[in-house]
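Two complexes come next, and they have one chain in common, chain A, joined by chain B in the first and chain C in the second.
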Partner chain A sequence: MEPTVSFFSGFAPKDLLFLGEAALRTMWISVLSISIGTVLGVIFGWILYEGKWAAALTVAPILDVFRSVPLIIQLVLFYNFAPIVGLNLDPFASGVVILTIYTASLVANVARGGIEAVQPSMRRAARSLGMSYWQDLRHVVLPIGGRAVFPAWVGVALGVMKDSALVSVLGYVELLKASQILITRTQEPFLILTLAGAFYFALSYPISRYAASLERKWAQ
Partner chain B sequence: MIEIHDLHKYFGSLHVLKGINLNVEKGEVLSVIGASGSGKSTLLYCINGLEPVQQGKVVVDGTDVHAKGTDINKLRQQLGMVFQQWNSFPHLTALENVALAPKIVKGKSKAEAREIAAQQLKHVGLGEKLDVYPSALSGGQQQRLAIARALAMEPEYMLFDEATSALDPELVGEVLETMRMLAEEGMTMICVTHEMGFARDVSDRVAFFHQGVMEEIGPPEQIFGTPQSEHTQKFLANVR
Partner chain C sequence: MFDYNFHWRPVMKSLPDLLEAALLTLQVAVLAMILGIIIGLCLALIRLNMRGPLRWIASTWVELARNTPALFQLFFFGFGLGAFGLHLSPYMIVLAGLTFNCAGYLAENFRGGFQAVPDTQIRASRSLGMTAWQAYTRIVIPQVFRIVYHPITNQMVWAVLMSSLGMLVGFRELSGETQFFASRTFRIFEYFAVTAVIYYVIVKLILGASRLLATRLFRY
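Right, the complex of A and B next:
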């Protein structure tokens, strides 16, 4: 009798390691995109707040496009068309670029809301003490407005972290892509998707908890 | 000395100040009274450059507040201001509230700034509240905190914009007491106020504003005793 070749093998402990590594990649691409995207988003938010009609004509429509077009379309378009203009980015770099812009477009409006949350009279008081425009922004608006919109920002950050799963369509082996690979091999989708979900939860939960504890501290 | 020459201020087409001429000497306490919307608060905003002016000028110790080359942030250090809303920075303790500007604006060391802050908080009777956040202070205490915060910049002048108007009646006294103390220490003060008792007892001069015009100015005995202008008489009859 001919020996049979098996294409499938069951879930093994080393696969957990494989998923763990993929979770780290999810974390890495998320941390990068959320950090850079937040900094850019705050700058855009400031432009939206201060720029008035000039911003309404320039920055606002661009941000609207990135906020409105589904992330998966942005990723595929960027990954496939960037080489035409000479940008040969690997899946990871493409993912970071798009997730960063996507984060920035979401954070921009959160940041603008934060600036608006600071009473004009508070800013007058700061300026009346001799603070410059930038000192007022740094020492009064940032901490007060930042705290006001912190929960909204955490929501954006957690959303982007989960949305980073879409970078899998470019072939970057993050958590979701790793799960797909394992499912193909083990034919155990229920187990593996549950594990992947648990990893996402393990990444998000500490952030939510930490955010909640910060908010409690600030509320004092 | 604060010199105001022919000051005009518009908000759009609304003519809020209509040619104010006024000098305030060092050491003087001037109270500004008048109905809401008479331009009293706007005058204070123009004095420390928080509002641009359309005509005329304000000169503080020889410096034109609204001139192009004026370092307004430096000038404002001379002009402490206390607002109707106390505007304490909610994320900072009382001590940090007061120490912030000396540290970042005047470049004092952290220890120095904290020492100044502690001193000023004791000065206004909040020596026990150094490490308390504003949310745990009463309105009157927060307003005294705002006074300490302005004093920490060691200003030459203090501008009070209806400092007691937003306070519950039982808290007005402590703030007026603090303002009275500053007046006795010789601080130059311009107080926009609805507290006629304070204006009468503490001020050297009282100015009455009516619809953007300074109708009358003089010692409190004159303004409250024998007011010349018809509007002043009417206003005082209504507030009494």
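Right, the complex of A and C next:
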């Protein structure tokens, strides 16, 4: 670091680049955890639906824990637990693991709701037309149930995107952490926080509006 | 693989402090919820019944609360307001942030609740000689309350979980206290594991109490 006269320096254009990079990191960690978490969550949701009481005694309580403990505690706990069992994970990997499980625990309920939203008579009709169990899941349950819970899933995904800000507690420089660093240097909290907030808003608002309009369209 | 020695003794010794901090967590969450319900109700009514700048403010509040991370909102009340020379105490930061967030989410729930009660009921009660106030408090609100009861319970759980962000703004509630002890003893995993259990118990207690209350309140 070069010696400077003043400890603080103003907000410079290159700081925008710094924020932009951090925003990309926020997107990257969110997209990664949401996509893996959704796949896992759908599988868990199917297990919850088909497993009946066996799943209710095993999978459900475990998923419930991830919904009942603050994400920030989960992150710190996992980040400090991994070395104990000999895993050396960087903040990004730890963040992805926990965000993925967290997403999966939320999506599991959504997915189960989706399967339950398909009328049993419809599924029996599909089976009696000669479809196999998996064909029934793929061609009947997925389109109908998926449509029923798509808005709920969008809500979960956006929630995880916003919660990814918490990975900053492990030292991963995503958008909010980056703005915190800039605030410390430039002493211009209002401007920088507004920029960071505007980014989240610009990402989340159109998607939630789109999901809401889809919901209205499908409800008709 | 397992050459880590767990030391639970320091955690057990500071357990009374942690439980006291848990009460602080509950206190902030409950206060934020009470304020959030009042403000959220106002926001919902404004968005449903008014035009002009007040409606615009209410909509902006709701959309900002729902589309930006809770941590961002806390930071905003933390250092963002500092730009205007307004310095809140950590307690006030968390309370203001949680209230802002809860009010935004609850407003949407209330709006959905109000829209679920048909207009004809208000007209019917008005034509029976009730004043507008009576129609609202005796006909509409009880029905809305029934609809939003579960969302309010969920929001209460969220408020408790969200209050853990206080750790990042220097508030010594359950998470902040845990971090304080953990960084003093370097028993990070043990401390956060116990805290996770405490959060889990709190959430279960809230859900249990809510269920009990629901059976008392909603007897047909």
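We take it that the second predicted complex is superposed on the first by the 202 of 220 C-alpha atoms of A that agree within 3 Å, B and C clash if a C-alpha of one lies under 4 Å from a C-alpha of the other, contacts with A are read in each partner's own complex, and residues count from 1 in each chain.
Heads up, the rule we're going with is that a residue touches a chain if its C-beta (ideal position, glycine included) is under 8 Å from a C-beta of that chain, and two chains touch if they have at least 3 such contacts.
Remember, predicted model here, so these are calculated numbers, not experimental data.
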{"item": "Chain A as common anchor, with chain B and chain C clashing or fitting", "value": "fit"}
{"item": "First (chain B), second (chain C), both or neither touched by A:Ala196", "value": "second"}
{"item": "Which of chain B and chain C A:Phe81 touches, first, second, both or neither", "value": "second"}
{"item": "Arrangement angle, chain B at one end, chain C at the other, chain A at the vertex (C-alpha, nearest 10°)", "value": "100"}
{"item": "Which partner, chain B or chain C, touches more chain A residues", "value": "C"}
{"item": "Touched partner set for A:Trp218, first chain B, second chain C, both or neither", "value": "first"}
{"item": "Which of chain B and chain C A:Gln135 touches, first, second, both or neither", "value": "first"}
{"item": "Touching partner for A:Arg124 - first (chain B), second (chain C), both, neither", "value": "first"}
{"item": "First, second, both or neither for A:Val31, with chain B first and chain C second", "value": "neither"}
{"item": "Overlay on chain A, chain C to chain B nearest C-alpha distance, Å", "value": "24"}
{"item": "Chain A-facing residues of chain C, complex", "value": "1-2, 4, 63-64, 66-72, 75-76, 79-80, 82-84, 157, 161-162, 164-165, 167-168, 175, 178-179, 188-189, 192-193, 195-196, 199-200, 203-204"}
{"item": "Chain B contact footprint on chain A (complex, rising order)", "value": "119, 121-122, 124-132, 135, 139-140, 143-144, 147, 218, 220"}
{"item": "Interfacial residue positions of chain B with respect to chain A in the complex", "value": "48, 50, 73-74, 76-77, 79-81, 83, 85, 87, 89-91, 100-101, 104-106, 133, 135, 146, 149-150, 153"}
{"item": "Contact footprint of chain C on chain A as seen in their complex", "value": "65, 68-74, 76-77, 80-81, 83-86, 158, 162-163, 165-166, 168-169, 176, 179-180, 183, 188-190, 193-194, 196-197, 200-201, 204-205, 208"}
